[in-house]
Each structure stands twice: as structure tokens, then as C-alpha cells.
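Each of the two complexes below includes subunit A, the first together with subunit B, the second together with subunit C.
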Partner chain A sequence: MPDLIAKPALGHAPLTLAGTTLTEEPQARITAIAPFPGQTDAVARALGMAFPAPGQVVESGGRSLVWAGRDIAFLIGDAPTVALAASVTDQSDAWVTLALRGPQAVAALARLVSLDLRRVQAGQCFRTGLNHMPLVLIVEDADRFRLMTFRSMAQTAWHEVQDALEKVAARAALTA
Partner chain B sequence: MRIDSKGRIDRSRPLTFVFDGTSYAGFKGDTLASALMANNVRVVGRSFKYHRPRGILTAGSEEPNALVEVLGPSNQTPNTRATMQELFEGLVARSQNRWPSLGLDLLEVNDLAAPFLSAGFYYKTFMWPRRLWEGLYEPLIRRAAGLGRLSGKHDEGTYEKAWAHCDLLVIGAGPAGLMAALTAARAGVDVILCDESSEPGGRLLSDEGAIDGLPAADWVAGVLAEMASLPNLRLMTRTTVTGAYDDGTFGALERVGLHRRPRPNLPRECFWRIVAKRSILAAGALERAIAFENNDRPGVMMASALSTYLNRYGVVPGKRIALFANTDSARNTARSLMAAGVEVAAIIDPREDAAEEPGTTVHRGAVVARARGRMGLREITIRKGASETRLSVDCLGVSGGWNPTLHLTCHMNGRPRWSADLAAFVPNDGAIPGMLVAGAANGSFSTHGCLAAGAEAARASLAALGMAAPMAALPQAEDAPYAIAPLWQVPTKKRAWLDFANDVTTKDVALSAQEGFTSVEHMKRYTTQGMAPDQGKNSNVAALAVLADATGRGIPETGTTTFRPPFAPVSIAAMGAGGRGAGFAPQRFLTSDRASRDRHAPMIEAGLWYRPSYFPKPGETTWRESCDREVMMVRSSVGVTDVSTLGKIDIQGPDAGRFLDFVYTNTFSTLPVGRVRYGLMLREDGHVLDDGTCARLGETHWLMTTTTAAAGLVMRHLDFVHQAFCADWQVRFTSVTEGWAQFAVAGPRARDLITSALGRAPGLPFMGCSDVTVQGIAGRLFRISFSGEEGYEIAVPTRYGEALFRDLIARAETMGGGPYGMEALNVLRIEKGFITHAEIHGRTTACDIGMEKMVSAKKDCIGKAAAARPGMTGPEREQLVGLKPLTDSPITAGAHLFAQGAELTRENSAGYVTSVGYSPLLKSHLALAFLKNGRARHGETIRLVDRLRDIDVLCSVTGPVFHDPEGEKLRA
Partner chain C sequence: MRLTCPFCGPRDRREFHYYGAADYLNRPGPEAAASAWDDYLHNRDNPAGVTQDLWYHEQGCAAWLKVTRNTVTHEILAVDAVAGGAA
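For the complex of A and B:
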């Protein structure tokens, strides 16, 4: 019997406008870790990683632990191999990850996200909204971002980021 | 008329535009208003009520008269202020509120009927006969009144919404704003400087002043050059700050593409939400008019606007101009005009001590009593004491003083304060948290005063941001004192206009006072003063001064009406940018979406999800044919449907079972691993919140299923219960809805299909669950049913969903089965009497739906106490029943139930229908309904009436389960 074929959320080719590129990132292993009340330190010790404070990303050994809400973080990379005093769920298929990288990334995000992104830096993340969609925004650099939203909303998310980029590019073309 | 060598227009770039079908020439840098003026077009619009010919009054966003429709490929934008519409090649504009044309407007008959059309006329005139109001009077009034017209089509133009953040927002780029922004930006903070004009500078571009011995415009150019080198300063031109809101948030409207030919993807407008730690309002001041007889004639305009048209656009509206002003600011206008070679016939200055003016005659202590010239000013009458003289002029510049543009300071309930010295309202400190007001907006009218106030406001703002700013030398500029003799109206028995936009005269205000509407808020609503697109910017203070006069009160006692956002009109299209059509909400697509659409399944929206309604087969012409076939397919062989939209909440922790016992009415902690139980959840008020199954995957691991509609609601409820009542319990829940694609497989051959797909028999008892390997992929299998047949739900990680769906359907089709949609799913569950949110709609209790036995007596749960209150149970409540029509006729959800013979009144309604469907199995329409004391009334005949759809059918009352009431098929 043949194995089932895995499909990406979108399968879109990268889109570059005004020097800024929108890509659909390959699906990574995402594990949601929600320590039971009072167990955050124990979980951090067992993981060998600090549990991130709100808005922080902790990197260690090729894995990142991304703060994803109250008492919950997403481990991106290999799943934990030890038992944790936490709820552990595989979220790899639940999220689509887009990347927006380039000089107009912040300008495009200003059309979609209400946050102040003037001085963001690597190691920061935000749990916010992409218009009406849930968003985990991970800062790679001042003009490089990863955007995680619900997989079922991937088409709308792509469309809205593309739309914002197109408008930003049309404005940029006026002064170019 | 153009004046050579004047203005900031680019004469090397001529443009053509069309107004009312006639082609005209203008230049890059013109506004529509200045270009019309250059082409000697005097009448540009008709007034709101009396349809009087009107000309351009101002040069800014406050313009009440020159409102036009701008026509584009995708738009017909009404009420565009010609003073704000920049010219571009091919611009097409049209005058509005006239029929058939601007020159001949038949509704000008209203002007002759003016004695009958005073303030409040329609409250008095159209009272009788009453029935004519809706059919005759109101349509007539609506047709006669009003401004521009909408196209009636969708606005398919591109609009944008965006956010911006800064340390300091400076509103207005005149002398005060430029100085403030420059001072702050030099200190290194992030500054946003907004100005509603295309070019920063404010009055410095309009008046021929000097700064540091240079023309003011040169100083502006120098400042802008320095600003361009400061990366922390963001200059936003063509951006009107429209509202001040909580926490330093401001609304602002940017005209991005309105001043150029449309380009793909270029927004027409952008609605900004600017969040600033501090703000400085430097919005300047608006010149106000003086009311005198026929002061609305085309050619009567604001004195300061004359300066703007001359110095920014190189255009004057007449050859022989007079000025009527009670301050010295109009003297600059006179000097500029004379220097440009325009004849200034006279200056009429009501101040007895007014100075002479070389080059023209000053009529001291005099007023303009009236204007003449219906289609354009011809003559004014100058009155001094008892004597009147006439003067031929084709333009009159009027200045009744200046009103600080303080509107934003009132957006959070701030009230301005009356300054007797300035004869104007000035803002109070602290009206908007974090905002300082500088320059003319704060009543400081000299250029020096503005520059100094701007620099000082910047230093104070920097201090509040924790930054020190060195004192910089202020540039030298005029610092003339402001001398005004207040004059609001020149007495007349005829009409003298206050509010040009809404045709409100001094007589209307006096009438309002006479009829008892003496409060300024009442006067506003009775006369409609200040309710037009200009929101009273031109008339507000004068109107309340006239009201104060009429009531014998002072102006401070009379007070102002409330200035509310927006400061200037904002198009709904900009505020709702991106939200038209499918942009209204995110779309959620199933993994089976492509496969369903490949089979031409029409999609219906379920919340944000798109689910297949039915799967038409060749030859099927109606949805009912497909639905009936799919129902019979499930009942006879096997059907597959995507149920991934149901909420899935993963619950883990040593206290998970205890927690589930607390949120569900029934007990879960006793459920063995590998088993599933149906559960009911109540709200705290005792009504049903949601229902669904919950599977025990491990000793401390559970998977809860919610309805599609309540997925978010239940997640929120669980969070609330945990945080509020048992925060220390060792349990966490995580939504995994998005992580799994799940398909229901139902029918007598469901087991065969699962066996085929897994390569082994499922081996699950009814309400069992287990981990399975599905063609090499780790998945989950549940034996549950929402159809009444033997049913399974099989789940795999989302990425494999499409492949599994296609695989299951292909296998089903070899067994005489196939996919089924929402319509069939609904009929199957109605036949089986299963509830959805049509039944648990928020007002039903466990008892109402016949599930009171599911509320465990052995334990407490959320909502249990409230559900036991009197009135929550018992025969007086409407209880879930089934209905079957006695004849073969359709029945409808939403219909009400009446006892036979009862009068069809609201009080006699004995219940209502929640769900209906046609059962191809029982060959009858079936309904689920709520009926008073329904469980005791099985077998009765009841009358079903739907007055919206004209349905009146007798039905027999039954139990809600029509198909397999013993559940033998489920357990087979």
C-alpha cells in the first residue's frame, strides 16, 4: 500500500516585490510545551533551555523555544526526548510559516500588524494579529521576519501579505 | 486670472482637466480650485438648501462651497473639496446638487421660497396629512436637498490601512510645526510630521513674510532640506490627522493617489493609525467670515485665501478687489495684491482707529452691508453710520478674525476656553494626554510667536521623553500684536449666511433662539448649523456669537458644540480598506477543499470555514437530488465527509480528569483509556454551552471535540475556568484543531472501508478509540457517529489530509459509496435527532433538550447550581420534540407552533422550529422543534405557521429521534 503524500499548506513559489521576498517556509517540527502550573523551571531544566519570557526566543543547539502565549512556548526543531512536567503537543501541522525578508518588510508589516517594529532585533517574538488572523511573529533581524499563522488560513495570510507588499512597492515606484 | 511671476505652480508642466464637460488648462501644482479660478470659473457649486450659486470661499480643507464629484475609472467620489483636489492630467470633475446644470438650476426656486424654508421648516410644514410624509414629502425633500451622489456601484479602488509609531507626532507643518519637528528631530527622537497640504509650510507659503531676512518660503526650503537628512524624521504630506484617541493613538488620512492618474496597486488613500508617545498640535488657525446680506455671492471669499491663491498658485479671482476685515492680517493680503498689480478698490475696516493703507482707501468704522451679483459679485454696499455708498468690485476678501484650529483637543471631551483678547476659543492645557498645542492653534498668531512656541513645545516634549534639548537660536520673524474688534454680523432684515455648506443664516439662529432652542447644542440641531461636511469650521464661532447675541448671554456662557472626530471627512473605503467582499474575514480552507471543488461541490461558509454543501453527480439538477442520494448512500453503503472543522482541544495533566468532571455535566474521570464519551457543557448561567465527545488517549491525556461554531468559545471557557477557579490544578489545554485532518466514515459498510484503508480490521467497539497507522502515517481512529449508522472518524496530520480524503473517497466509490456534504450531514443528524447549535442556541437548558439525566448528581460542575434554579426545568418550558407534517408539504425552520384553533398571536406561540430537512428514508419532511411541555405531547397535532414564507401546516408531534431510536445500527 503506498504511503500518503504530504502536501504543503500552499505550495507557492517565492514572491519578490520592491526587493522584499515572501516565502512559504518548509514545514518544521513544532512542539507546543505548556508547563503545568509551577513547573516552568523544572521543564526548562529538563529541556536544557531557559523557558522564554514573554516576547522572547531562546536558541540552543539548533532549536529555538519561542514564547507563544501565557505559559506556553513552541519548540521549533527536534521534539523533546525527555518527559516533561508539561502538556506537550505536536503542532507541526497546525501552523503555516511564511518569511518576509527585505528592506520593505517592516513597511509591509505596518499594513498588517499593529506593533511598533522600529527597533526590533533577533531574539524577539510577538503573539499578535495579522489583520484578523492569529500571528506568531518571529524577528530574525531588523528587516527579516517569520510569520506563523493557522494553516487553514494560509491562503488569506499569503494574499494579505502580498497585497501589502504590492501597495508598498507601488508607493516605492513613485519615488524611485 | 493668472498673475505672471507669482505662485509655486510649475508653469513648465501644463495640464488639461475637465469640469462639467468643458476642458480647461492648468499647471502642475494647481488645485482644482486654483485652476478653475485661473480659468475665470466663478460658480463652482450650488448651495444645499436654496440652490444658490456658490463660488470658492477658502483655500483649504474647510471649504464649504466648492464641493464637486470627481470621476475616475473605478470611482465617482462626491463632496470632494476642490481646494484639496490637486490637478493632474485628465482629471474629470463635475459640479453637484444642481439640475439640469450649474448655470441653470431649476431647484433655485427654493431660493424664492426661502420665507417658507427657514430653520425647522420641515418639522412644521410637512406634518399634515401625516400619511404623505413617507410617500411624498420625505422623497421630495431628499431629492431636493443633499450634496453629491454616489455611483451606486461598489468602490473597487485600492485603499490601504496602516500603522505608524513615533516618539513625537507633530500635527501641521506651518512655522510652529516645522520648528517643533526640527527641534525634536535634531535631538534624535523619532518624529512624524503630518501636514494636510501637498507642500509643508502652512501660511509661510501663503503670506509673503520674511524669516531671518529671507523670504519665508526660502526658510521653509532650508528646513525641509535639513529634515531630509534626518533619518529619524518622517514627513507625511497630504496627511490630515483626523482624530485623537486613547493612549496617544491618532487617526490620519493620507491622499496617496488622489492627485495623480490611477496606477495599479497604488492606494487612493491610506488610513493611518499613528501611535505617538507625545504629540504637538500645530494645526494653525482658520479665518472666519462676517455675516452680511448676501455674503454668499460668488466672489466673496476669505481674505487669507486670496493671499494663498496669489502666492501659492499665482491666481486672483477678480480684477478689482475690496477687503472687509476687522484685523490687520488682511492688510498683508492687500499689499500682496497691490504689489502684484491687482487693484484693491477699498479696505472696509470696522475699527475706528484703523490705520491708513498706502495705495488704497480705508473706510474706517465702516462695514459691508450687502453684496450684489447672483452669478458673481458685481457690487458691494459700504455702510458707515447712516450713510451707504456702493462700490463696484468683482471680488471681496473678508476676515472676521481667526479661530485656532483646536478641534483635536476636544476629541477626548476637552472643552476650549474663550479668550476675550483674541475674540476666539483657545484650547485648554492637557485636553489630550501627552499633547501640547503650539502656535496659531494656541492663539499665538505672529510668525515669531509660532516659531518660538514650536521650539518650546518640542523642548517640553523632549523633556517628557527624558531628553534634554539645547536652546537653539530662533530665526527672526515679525511679531506684530493681534488687534481685533469683534464683528460677527452686519444687521440686516434679509438673509446673511453663517453656514454656507448647510445654508444657515443669522435669521435661522435668531429664530432658533426665539422658538426656545437657546442651548447651542439645540440650535445646532434645529438649524443644522455645523452639520455639513465642513462640520462648522467656517461658521461655528460666528453662529454661537449670533446666538449669544440673540439670547442676551455672553459667548463663554453660550459655549461651543462638541468637536468630534473626524476633523475632516474620511472615506469609509479608506477606513475599511481591504475589507470589501472576501476581504471581510479570513477564509479557512479544509485539506479536502481542492478535491471537493474538483467534484464541483458548492461551498458554504461555516464560520470562517468553507465546507462542501453537496457533491452533484451528472444528471442531478437540484441540490435536493444530490442531498437525497447522499443520505441514502450513507444509510445503505458508506459515505465520507470532512469533519476537520470541529474544534479539537488536547488536554493533558494529572488533574485533567478532575478538570473535565468540572466542566462537563457528566463524569469523565472514570472513562477507561481508549474510550470516548459524549459530554455536555453548561455555561455558568446553567444554559447549554456546547456538546461533543471527549476521548481518553492515555492516563493523563484527553482529546476534547467541540462543535465547529463553538471551538473558540469552548477554548476560552476552559481557560476562564482554569484561571478563575482552579489555577493550581496540574492541567493544560492546547488547541490542535489545525493539526489534524479528520474524516467521518459512516454507513453499513464503514467498517469495510476502514479495513481497506488501514489494511486491517479496526477492531474498535462503539465509542472506542486508538492510535492507528494509516498507510505509513501515524493517525487516530475513533468509533463515533453523527449519522446514526456505524461510524468512524479517522485523523491524520493535516499535511496528509488531502491524500487521505482522496484515498477514502476512491475506496468508498468501489463500495457504492462516496463523499457527502453538509446538506446530507444535516438530514442524517435530523433523522437521528442529534442536536447542533441550531438547538443549543444559548437559551436552552439540559432539560429542554432532554439531557437532564446527563447532569451528574454525584458531583458539581460549572452551571449545575444555576441550572437548578426555578424556571430552568419543567413543563412550562419549551422542550425538544420531532415534528412530521400530516401532509406532504415543506416546513421551515423559524416557523412558530400553535395549538389548533388558537389565534395566531405572539402570546399563543407554543414553540418554534429549529431544524428541518427532507428525509428520503422516511419520505417526509422532518423537523426538530421546541414545544411547551413537548415531551408530554408526543402524538398530538400542532399547527406550524411561518408567516414570512406563507406556510401553514399541521404536524404531528413525535420524539426527536426518527431513525433507529434504539441505536442498534451504531453499536452493530
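For the complex of A and C:
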């Protein structure tokens, strides 16, 4: 196996506007786990983690299991070391993860995501859209979010969030 | 318009893809008469009132959903997951 060099999707420096920072997160190991029918509990036992209910993130031992759709979750962190009664695929290279953290994060995302994010809590996640792009939105806290979209769309996703952040910052400057 | 996905909660219409009448859930057996296949593939009611159709939560959980709605009032009466037999 050749020794490949991992490269970030963008390599952009963090961008801070209106006290809110957009960053490209380090690439993590992402393993999609789709339990075979009736095997969800067995998969959870083998992983030593509860299988997340819709819209939930389960954290354990430095890994998170993020609900990613009907009967599928993404294990973020070390790959499973045991056989699972599930379809298991390494999707690490397929996604880019951005983070948006700060007081204007919700206002910026309101321009891109058709969900009311004003009352969200840590441990929630949403499968939705970032404008026209697919999005897994992970809530770290009320004003801290991780945004996963397809790596091939990384540049567009960054541009869209930057654009929203610039407009929110311009409005904040007017009303300051 | 919003649909309340049984997995994701209330979501904007643009997250969904419309497929067609819920008649597609009732596929005839392989030996069914030609008339049954004709009904399945082509013949649809066009009710002024309650109807059922299939929607795909494309920009969400990727579940197929059976939506019961009223074509006159635009009320959404039920949204059920097709997989698992709830629909």
C-alpha cells in the first residue's frame, strides 16, 4: 500500500467575523454503520455505544455516533475493531467538516438552513440541507455547530457560510 | 408547505422529492392480470379531498413516506414511514 499524504479539502485559515469563527476541522475517521434489519441492538452492544435515536449524537470514549438517516449512523473517531451485523463503509474521504462557533452562528445558519436553530442543545444533530448541499449538522452547544457536507462541495460550502457571515456581520455593524 | 417526517420532525417542502400516488405500494403479483398492471401503472383517482402519495425525504433521513393530505384544504393529515409497515 503506497504511503499517501492526507490533505485537507480546503486548507483555509480560520475566518472570524462578528465574533463568530468559521474553521475547517481536521479530517476525522468517519465510518458509516447501517445495521442489518433487526440488528440495531446487537450492533450497539458490539460497539459498546447506544445506537442514536433520530437526531441524536451518542458520545463515548472520544468517539461519537451521529444519527445520519433512517437506520444509519456515522461513527466519528477510531474505526470499529469488531465485526458488526451491519453494512460498514469508510467514508472519511467523502466528507468535509466545517465548524461555525460564536454568537452569530445561529443567525448565519438561518440564511442557509431551513430549520429553527434558536433552541437547540448539545447532543442534537440534523440531516438537512445547506442551501442545495446535503448537510449533517451537529450541535456542540447553542452557538457552536459542526457542518458536514460532501467533500467535493467544500469550496462552495465555505463560500456560502462566509457570505452569510459577512452579511450578518454587516448588519450587526449597522445596528451596533 | 411543511411535512412532519416521523424521523426528522417538521421540515420544509424543498427537502422532499415527490414520487406519485401511494398506489405504487400495492404492486400486483407476477401472475396478475394485465388489467391489474394497467391499474397499478396508469390509472389514478383524482380526488377533490383526501389522497395519499409517496414522498422521499431526499435532503433528510432518506426515508420513503406515505403522506395523507387533502387536495381541497391542503391540510396534511398524516405522514407515515413506508419501511417497517407503519404506512
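Everything that follows uses one rule, which is that the second predicted complex is superposed on the first by the 172 of 176 C-alpha atoms of A that agree within 3 Å, B and C clash if a C-alpha of one lies under 4 Å from a C-alpha of the other, contacts with A are read in each partner's own complex, and residues count from 1 in each chain.
Note that a residue touches a chain if its C-beta (ideal position, glycine included) is under 8 Å from a C-beta of that chain, and two chains touch if they have at least 3 such contacts.
Remember, predicted model here, so these are calculated numbers, not experimental data.
Applying the stated contact rule after C-alpha superposition, one finds that A:174 touches subunit B and leaves subunit C untouched. Of the two partner chains placed around the shared chain by superposition, subunit B and subunit C are both touched by A:114. Shared-chain residue A:161: touches no atom of subunit B or subunit C. In the superposition on chain A, contact is made by A:54 with subunit C only, not with subunit B. Once chain A of one complex is fitted onto chain A of the other, the partner contacts of A:66 are absent, as it touches neither subunit B nor subunit C. After overlaying the two complexes on the shared chain, residue contacts for A:131 are found with subunit B alone; subunit C is out of touch.
More residues of subunit A are touched by B (comparison of subunit B with subunit C). Look at A:98: by the touch rule set out above, it reaches neither subunit B nor subunit C.
Subunit A uses residues 72, 114-115 to touch subunit B in one structure and subunit C in the other. Looking at the complex, you find that subunit A touches subunit B at residues 1-8, 27, 32, 34-39, 71-72, 86-95, 110-111, 113-118, 131-133, 150-157, 160, 163, 166-167, 169-171, 173-174.
Note for the complex: subunit C touches subunit A at residues 7-9, 11-12, 14-15, 59-63, 81, 83. In the complex of the two chains, the subunit A residues touching subunit C come out as 54-55, 69-70, 72, 114-115, 126-129, 134.
Taken in their complex, subunit B has these residues touching subunit A: 158, 160-165, 190, 256, 263-267, 273, 275, 578, 585-591, 608-609, 650-654, 727-740, 759, 774-777, 796-804, 807.
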